[in-house]
Amino acid sequence: MQIQVINPNTSASMTAKIGRAAQAIARPGTTILASNPEAGPVSIESHYDEAVAAVGVIEEMRKGVEAGCAAHVIACFGDPGLLAAREMARGPVLGIAEAGFHLASLLATRFAVVTTLTRTRIIAEHLLQRYGFAELCTSVRCIDLPVLALEAADDSLIELIAAEGRRARDEEGAGAIVLGCGGMADLREALSEAIGIPVIEGVSAAVKLAESLVDLGLGTSKHGDLAYPIAKPFSGRFAHLGR
Amino acid sequence: MQIQVINPNTSASMTAKIGRAAQAIARPGTTILASNPEAGPVSIESHYDEAVAAVGVIEEMRKGVEAGCAAHVIACFGDPGLLAAREMARGPVLGIAEAGFHLASLLATRFAVVTTLTRTRIIAEHLLQRYGFAELCTSVRCIDLPVLALEAADDSLIELIAAEGRRARDEEGAGAIVLGCGGMADLREALSEAIGIPVIEGVSAAVKLAESLVDLGLGTSKHGDLAYPIAKPFSGRFAHLGR
Amino acid sequence: MQIQVINPNTSASMTAKIGRAAQAIARPGTTILASNPEAGPVSIESHYDEAVAAVGVIEEMRKGVEAGCAAHVIACFGDPGLLAAREMARGPVLGIAEAGFHLASLLATRFAVVTTLTRTRIIAEHLLQRYGFAELCTSVRCIDLPVLALEAADDSLIELIAAEGRRARDEEGAGAIVLGCGGMADLREALSEAIGIPVIEGVSAAVKLAESLVDLGLGTSKHGDLAYPIAKPFSGRFAHLGR
Amino acid sequence: MQIQVINPNTSASMTAKIGRAAQAIARPGTTILASNPEAGPVSIESHYDEAVAAVGVIEEMRKGVEAGCAAHVIACFGDPGLLAAREMARGPVLGIAEAGFHLASLLATRFAVVTTLTRTRIIAEHLLQRYGFAELCTSVRCIDLPVLALEAADDSLIELIAAEGRRARDEEGAGAIVLGCGGMADLREALSEAIGIPVIEGVSAAVKLAESLVDLGLGTSKHGDLAYPIAKPFSGRFAHLGR
Amino acid sequence: MQIQVINPNTSASMTAKIGRAAQAIARPGTTILASNPEAGPVSIESHYDEAVAAVGVIEEMRKGVEAGCAAHVIACFGDPGLLAAREMARGPVLGIAEAGFHLASLLATRFAVVTTLTRTRIIAEHLLQRYGFAELCTSVRCIDLPVLALEAADDSLIELIAAEGRRARDEEGAGAIVLGCGGMADLREALSEAIGIPVIEGVSAAVKLAESLVDLGLGTSKHGDLAYPIAKPFSGRFAHLGR
Amino acid sequence: MQIQVINPNTSASMTAKIGRAAQAIARPGTTILASNPEAGPVSIESHYDEAVAAVGVIEEMRKGVEAGCAAHVIACFGDPGLLAAREMARGPVLGIAEAGFHLASLLATRFAVVTTLTRTRIIAEHLLQRYGFAELCTSVRCIDLPVLALEAADDSLIELIAAEGRRARDEEGAGAIVLGCGGMADLREALSEAIGIPVIEGVSAAVKLAESLVDLGLGTSKHGDLAYPIAKPFSGRFAHLGR
């Protein structure tokens, strides 16, 4: 089973980290194909970055579908391009925010999210509302470090995240913590230990959900609004995206 | 990995069917321990049945925890006793309604449920609200056959369920169907084919989610409201349930 | 008119206290039948305790229905077994959480709940959501004393509860307080005075609602999902619960 | 105990009917003071009618408070002036829509409303949302007769209302029916029989709730937003309404 | 184009201030007709005040409709009598709370409200819920000065309001501030500067929305529940309000 | 005042039509700059089309900001790229779905949407939820014609749309209709007449809202999550989008 893991930003080191985390959690028979778009932002920290990155996701999805991947993971916490990607594939497509929220809600009656910049909190809040988890999330907490600062993961970074997680646990009654950035893919174990309650990291969560869905023979509904996009011309630089 | 699958009613044939379905979807290394309570209703079709069955679930959970099961599945669509069971275990505990809803929402923007008796619709509706999926579910449809009638699965039964599924698909825009009874555990493939959109069956969905959570090292939060129950005496016939 | 008041836990002293409080508020012609299950937890402070207690509620309900009680009250703030109990009776069945929320919402635009242990807050929150009062409740506050500690009601206990009530009043704008435990049935007047805004205690609230419904000739709907449970065998220790 | 029942419209015959229905359900010791404003619309079938009627409610409230009434009922299904009336009184103030919704939700998991004109449906829908009952109400159904047509209650009227109630019961799964007009105060019993599920009529419901609250020593919260209105001059024709 | 701006209270100085603010923002071709009722409260700070003021709004609306005004603005933050006023007119009718919320939601993902007295917060909260903006509003903050204290607008008043606005910006992430009182109509520019994020003032917002709707040829729907009120007699002092 | 109107698809004829409609409704002093991206889909009928179109919106926004446009309109009913566009500008940015919903809710208590393909209904439903209008919209109805079929507007097209609008009016009680496609920009008047209730067309609605906001000196909040995107490198084909 091949599972495509798309890092929607263009930072190769983050892609490598995400790929390693995904492969580490995958089953022996699963191969992870980690990639990132050729073009786009080096990190995703705004609606603007996200909108451009979504086209990169689409481009990578095309490759993944052609390569016969059984499932696809979008490894950025805003789940950019998720519904577009679902339209492109018969296999399941998972966003890491979505995957994290789902698993957290199976382990605790209330969970919190710890993410990077305050300005991206709204992205998580919109997803919580869209997916139905708004009532289950006590808060989206921010460490106010940029995404790429996560590349230098050291003890102080871990402590920064852990401190927010413990506050959510102690002050808000959160029973689990969802890590709110693909760049935290390598911090799952350290943070579980540091916070002392279940810590759900989206990349690993999404890989396991993908394997599960494939095992179940389940893929994206091709009926209705997630059917393949209607064939039509695309112009200019995006002509190759027409069908 | 041992996964306990508890059929909350006392119908051994249904337990066997559920156990077979669970084992069939489990990974090679996973052993399914299917059981049902010694005491309780032969089927669960009311709040009353469900309340009594929840104690059976607790009794079975005790055995499963003692047996060292890595995870636990409650295989009745009302998820009876789910939060109580979670308090008892460090491993993950999944209800099949919950599992079905979660996976369906990953495959389609809207899903429908097809269950047995109209009078149990409210149970599914309450769970949809509790879990956050009320907006994503187009309707809970009923075939108005009792649970045990599912034991005689034949073509007319499949057609009855499929007809409701197709109505949800065509009239309500449902992109996926969740099967609303543990007794439908053996109908997953036939109904997928008959309805033509993803059909999610809760027992198999829960087993895969359980494997995933165990792989991720994730279990029920033991912080806050899902911590082990406070030790206290239980009297009379339930004295053994005290701690 | 006989009204059955069921204390779902097995602490006879609490049952007596609840019974006294119920009788004190009942009309001259109303007789209160207070009882508790023979078997089950001595107090209810978890989903686990609640699930076992619900069977006790069912057993007591059977007796109450046979005794011809006109209405039934479930005197534990989690309203355990409420819908099951409603299926068993033609008369009205009231939970004390439910009764408290309803009356509070008639007296103030926002109310708060003061309950015992933090770990049971989720139970009240789930009920608020289910019954439709989530938006009207400013918070569920906890004194973090176990239920049975309420048996030794003294001034310091009253002050502890009152302090939370006053905080809800002053910091959150709550116009009324709902007492969140059957064990507070004797504190209604002292707390009204100490907090200075309407204090609604569930046992007394439920008794008055029960009397009202009986006067109105209104009982539980026997149409649809609250109809009598479908007749079926129950096995083993619960065989007597079959119909 | 004196309970004031205010018919917010100026039709004396409807006031008399409402008064009779209220007195009939009241306890022996309760005296009903039924009245209607001296000025205002003869029936209330629009937001416009309702806004004018609310001032009439205020005028009647003043009299009722001066007369020492223990509680107050606003007997029009839009609950006009309810929060203003609450500010004026220390005793409880009940609207009949509110009273009907509350009691219905204690008897069935879902209820429907049957009211008069389609154009007033929005008034009931707004109240359902405000009070928290929107999810519990299957629909607000209309017979499309004006309010005053209810004065000539005959079999065909009863059948018209009953037909809507039965449709709600059979097509929507409503377990109880709330009558959506003060002018239906005398139809409670006939409709209960004709529809075959609990029928809640607001005037009688409100009277019993009022008695209950008075018995409990509970009144409107005088803390915060329902405190007595701030003293200030009113000019012109409304000068007497200043304090 | 004539736009009627109704100050629902009877303070002529506030009416003049609101009228000036409205005219200042109106287009060259727009004439503002500012007025207030002849009778009613000098300020609106309770449900009681609001209920009486609504009749004044109705009286002024009649004049405005007769005068051929193209649109109508109700310049009190509780939007008193809004739906009644809509029934009376073919042109658009705007409340200033409504207008403020709408424009704020176009400029920021989250906004806060700063209003006068804490006791009127509930009025804003009810409107936010009714109009659909509850999730978008971080809080309704109060300066706890009476409405008429705004007449003496000086630097300390501006600083008081600005301080609340900055707290909403910094502590709650509000991206815009809605001014919660018609009496703040002259503070728009000073507060924009003092708070440093968009400040939406309702009177000016409503005037521009009114002009826009008139330009678009759009008016109040005369179909269904906002159709002209049904013709009927009104009695007594309100006889002239019958049709 | 220059207002940029971006047609997110690449069909020049539709851009021209939208531009004409925008100019026709604009005030004398307003100049409309209508454009469409150089690259992207010829029409937008899926999440996929929308994701690609959003980058086109960004490219056009850059030009519009550089050209000093005072406000920006995104003229596709899915409001693609709306939040990204807001981050890019100090002036207001309006989506046409958003604009349509807002104005409709000022004219009727309930409105319906009539759009093109059933598969795009989900896009409107997601926006209704996001913006807070879900409860106010009775349904999103579809004529099941592709977007470009609107280019040949003739009587049968108008009748097709009008028929859905009338159904919403008569069967669902919708008091206003929002046209659900930028390609309907020229049908506003014909449909108003054909349906007989207010018909809100998003392009014209957005232009008037834009003018209003500019008049009020209001623009997009540059505090928090709509601040200018954080400066960072973009790689490859999108390098020019970095800052």
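Order of writing sets the labels: A, B, C, D, E and F. Residues in every chain begin at 1.
Everything below uses one rule, namely that a residue touches a chain if its C-beta (ideal position, glycine included) is under 8 Å from a C-beta of that chain, and two chains touch if they have at least 3 such contacts.
Bear in mind the structure is a predicted one, so any value in this text is a computation, not a measurement.
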Both-way neighbours, i.e. chains that touch chain E and touch chain D: C, F
Any chain in contact with chain C as well as chain F: A, B, D, E
Shared interface numbering between chain B and chain A [over half = same, under half = different]: same
Reference chain A; chain at largest CA-centroid distance: D
Per Cα centroids, the chain farthest from chain E: B
Cα-centroid distance, chain A relative to chain F, in whole angstrom: 29
For chain B paired with chain E, centre-to-centre distance based on mean C-alpha positions, whole Å: 52
Length of the line joining the C-alpha centres of chain D and chain F, rounded to whole Å: 44
Chain E, residues touching no fewer than two other chains: 83, 109-110, 118, 121-122, 129, 135, 173, 224-225
Interchain pairs in contact, sorted by label: A-B, A-C, A-E, A-F, B-C, B-D, B-F, C-D, C-E, D-E, D-F, E-F
In the complex with chain B, residue positions of chain C that touch it: 10, 37-43, 45-52, 54-58, 81, 83-84, 86-88, 117-123, 126, 129-130, 146, 224-227, 229-230, 232-239, 241-242
Contact set on chain F toward chain D in their complex: 109-110, 135, 173
Touching residues on chain C, where the partner in the complex is chain A: 118, 121-122, 129
Complex contact set, residues of chain D against chain C: 25, 27, 83, 92, 94, 98, 102-103, 105-110, 131-136, 169, 173-176, 189, 192, 196-198, 200, 204-205, 208-209, 211-213, 215-226
